[in-house]
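Input: structures, listed below.
What follows is a pair of complexes built around chain A, which joins chain B in one and chain C in the other.
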Partner chain A sequence: MSFAIETKNLNCRLAKSFSITDLSMHVPERAVYGFLGPNGSGKTTTIRLLLGLLRPTSGNIAVLGMQVPDQSAAVLARIGYVPERLHLYPSLTVGEAMRYHSAFYPTWDEPWANEMTRQLQLDVTRPISVLSKGETGKLMMLLALAQRPDLLVLDEPTDGLDPVVRRDILGLLAQYVTDRQATVLISSHLVHELERICDWVGLMDHGRLVAELPMMEFKTGLKRLRVSGAPDSLSGSPFTLLVRERGNGVVEEWLVRGWTPSMQQYLESAGASLREVIDLDLEDGFVEMLRASRRAE
Partner chain B sequence: MFRTIVWMQWKSTRALVLLTTIAAFALPLFSLKLGLNNYSPVGFVTTMQTVGSAYSILAALAGLLVALAAWRADHAGRHVYALSLPVTRPRYAMFRFGAGLLFMLPTVAAMLVGCLMVTFSGVIPEGLHAFPISLTLRFALATLVAYSIFFSISSSTNRTAGIIVAIIAGVIFAQYLLTVFGDNRQTVDLFDQLSKFIFIRPGILSVFSGRWMLIDA
Partner chain C sequence: MFEHVDPRSPTPLYAQIAARLRVAVASGELKPGDALPSVRQLAGKLRINPATVVQAYRELEVEGLVSTKQGAGSFVLDVSADKRQKDRQTEARRLVREMLSTAASLGIPTADLRAAIERELKGDSK
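Our next item is the complex of A and B:
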């Protein structure tokens, strides 16, 4: 598998109380990679490292086959970036911002951009400083897509937007990804939103990548099991036991990853009895994985 | 790309450029008007010398305003937009610097026109000479020096600004200690030493000091 983004043992210390620690992440080419994590977990810092906006203390970053930050300018020419806050010059109008932005990207698709301004109902004569949050979100996404990037890096692009605008923006994104086979790294703490569009998930917490796995595995392989009579230690387990909690009486609650129904035989051979298998939705899984990682720290 | 940066930067600078251009045009005329209030050539030259410091102040002000305007838009977005554009940092900074330099031209040109108007007004007392070109060149150089210094300070982070403020505070504190605890007969005047170091040739700001004379003997 080839990767659009690959980091190895990335470290970056920004303050005494916060650092990115030993981050090794892999975003496959043409994947839509959901970058999950609570506020302050290090998602934005990681994104800034990937774009060369920050310099790592140590470690290696390769984006689209090029080294960052050494080849940042060449990498950025192929990336569409939507930051979490407005980064455009507020004194410009929508049309001027498009004109300014297009000057830096030879791949800028003018007819498409003009068509999108009409479709998204953006008034090109309005100054950016008076745009609503939804209009700003649409404009930033439009700018990122009209440059025809191979990789989209979106930092909480729909945070604080109403459902209609959110749907517009995600629709635009989905259409682009389908047409261009682009790779997308999208960070969010809106778990359900990512569930619909992502095929890979990376989970950040306290500056560490806690988990990285295909969405399907995340959605289907993460289960809560109610088990009784299990031995204290399990050897050769075909699944990953993330959390083991005593429930009422002899019944224990386990949080496991990589579970398939055929693994029930393994439990029985170990002398345990499986009482119940509970499906977790993505948000439950997200919360449970965070808990498990924090317990392990 | 450069043209687009010039256009964008012009939007945030044009009002300031207009202001300094008007001031640069008016200053030589104003100094002539003041000089003509004196009846003797000596009084005329003295007035010219007094007004002379206004040229250096205007040059510093023009450099300061254009330099601040050059980075204002980027500061507002904490430089995220600029840094995410596919241009190397030195190249982007040179574009911004170059655009600001262009905006100095109207002010310098206005100064030249004002100086030439004074020169050819025919009211300069006999025995005195006008130096419109050399004064304009000096004004241009001083503007360039001021712009370069303020541009680099303005482009820096809060941390760098903090270091600069800390150095100034350190000098003030050291002078205070020297004054309070030093030997009265041999107290060193740090401000005096520092200003000599900076403003007397070949000090970095020496272009601002000395005589700024449009009309002299």
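Our next item is the complex of A and C:
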């Protein structure tokens, strides 16, 4: 598999209390990679490292097959970036911002940019300073898409926007990915949105990448089991036991990965009985994985 | 048609889309020759990964329900009444399996379930 983004043992110390530690991430080409993590876990810092806006203390970064930060300029020409905060001059109008932006990107697709202003109902004559949050979000996405990038790096592109605008923006993204087969790295707290569109997930916590796997695997193998009568230690279990919690009664709650229904036999042969298997969606899985990784620290 | 597609369900999205289309063909909602929405359209509308749509269509293609022509899109094939009937039965079995597994996870005995079904079918709401 070739990767649109690959980092090796990346370290970056920004403050006494905050650093990116030993980060090795792999975003496959054409993946839509959901970058998850609580506030302050290092997602935005990692993104800034990937774009060459920050220099790592040590480690290696390759984006679209080129080295960052050495070849940052060439890399940035092929990346559509939606930053966490507005990066446009507020005194420009929407149309002026588009012209300004297009000057930096030879790949800028003007007819399509104009079409998107209609589709997103953006008034090109309005100054950015008077745009609503939703209009600003649409404009930032438009600018990133109209340059026809091979890689989109979207830092919370829809957080804080209303559902209608979120739909517009993500619908446009899905269409772009269909047309162009671009790679997308998207961070968000709106986990359910990522659950729809992403096929890979990376989870950050305390400056570390604590999990990275295909969405399908993340969702299908991760279960909460309610088990009773299990021995204190399990040997040769076919699944990975991430968390084992004893409740008040005889029933324990387990968090497992790699579960399939046929594994019930294994539990029974170990003398345990399975009371319930609870499916976890991405958000549950996200919370549980964080708990598991923090416990392991 | 895809209002019930639920990304949070443990059933993968592609399988949900394929299942919905299978029902649409079996029930005659989609007729032979009808075009399926384009991958771009459906991905954009549902805000999902285009690969998910492609996977759903490919599954239906393998089953002989649709045919995909490069550049033209996917179309519903002429499916025999016999096959449509079979597909309806398969879908019915799938629904029952889903119910059985939910009931099992809640510890509801089969006898209670059977009684409840009988009662529902008789239209008794008590």
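The working rule: the second predicted complex is superposed on the first by the 296 of 297 C-alpha atoms of A that agree within 3 Å, B and C clash if a C-alpha of one lies under 4 Å from a C-alpha of the other, contacts with A are read in each partner's own complex, and residues count from 1 in each chain.
Basically, a contact is a pair of C-beta atoms (placed from the backbone, for glycine too) under 8 Å apart; a residue touches a chain by one contact, two chains touch by 3 or more.
Only a predicted model underlies this, so the values are computations on that prediction, with no experimental measurement involved.
When both complexes are superposed on chain A, chain B and chain C end up sitting side by side without clashing.
Legend: residue contacts after superposition of the two complexes on their common chain; A:216 is shown touching chain C, with no touch to chain B.
By the touch criterion defined above, A:145 lies against neither chain B nor chain C after alignment on the C-alpha atoms of chain A.
Of the two partner chains placed by the overlay, only chain B lies in contact with A:88; chain C stays clear of it.
Once the two complexes are laid over each other on the shared chain, residue contacts for A:196 go to chain C alone; chain B is not touched. Once the two complexes are laid over each other on the shared chain, residue contacts for A:277 go to chain C alone; chain B is not touched.
Applying the stated contact rule after C-alpha superposition, one finds that A:105 touches chain B and leaves chain C untouched.
Looking at the shared chain after the overlay, A:120 reaches neither chain B nor chain C.
Minimum C-alpha separation, chain B to chain C, in the superposed model: 26 Å.
In the superposition on chain A, no residue of chain A contacts both chain B and chain C.
Interface residues of chain A facing chain B in the complex, by the touch rule stated above, are 51-53, 72-77, 81, 83, 85-92, 96, 99-100, 103-105.
Every residue of chain A that touches chain C in the complex is listed here, in rising order: 32, 167, 170-175, 177-179, 192-193, 195-199, 216, 219-220, 275-279, 281-283. In the complex of the two chains, the chain C residues touching chain A come out as 7-10, 12-13, 39-40, 43-52, 105-107. If you check the complex, the residues on chain B that touch chain A are 1, 3-5, 8, 11-12, 73, 76-78, 80-81, 83-88.
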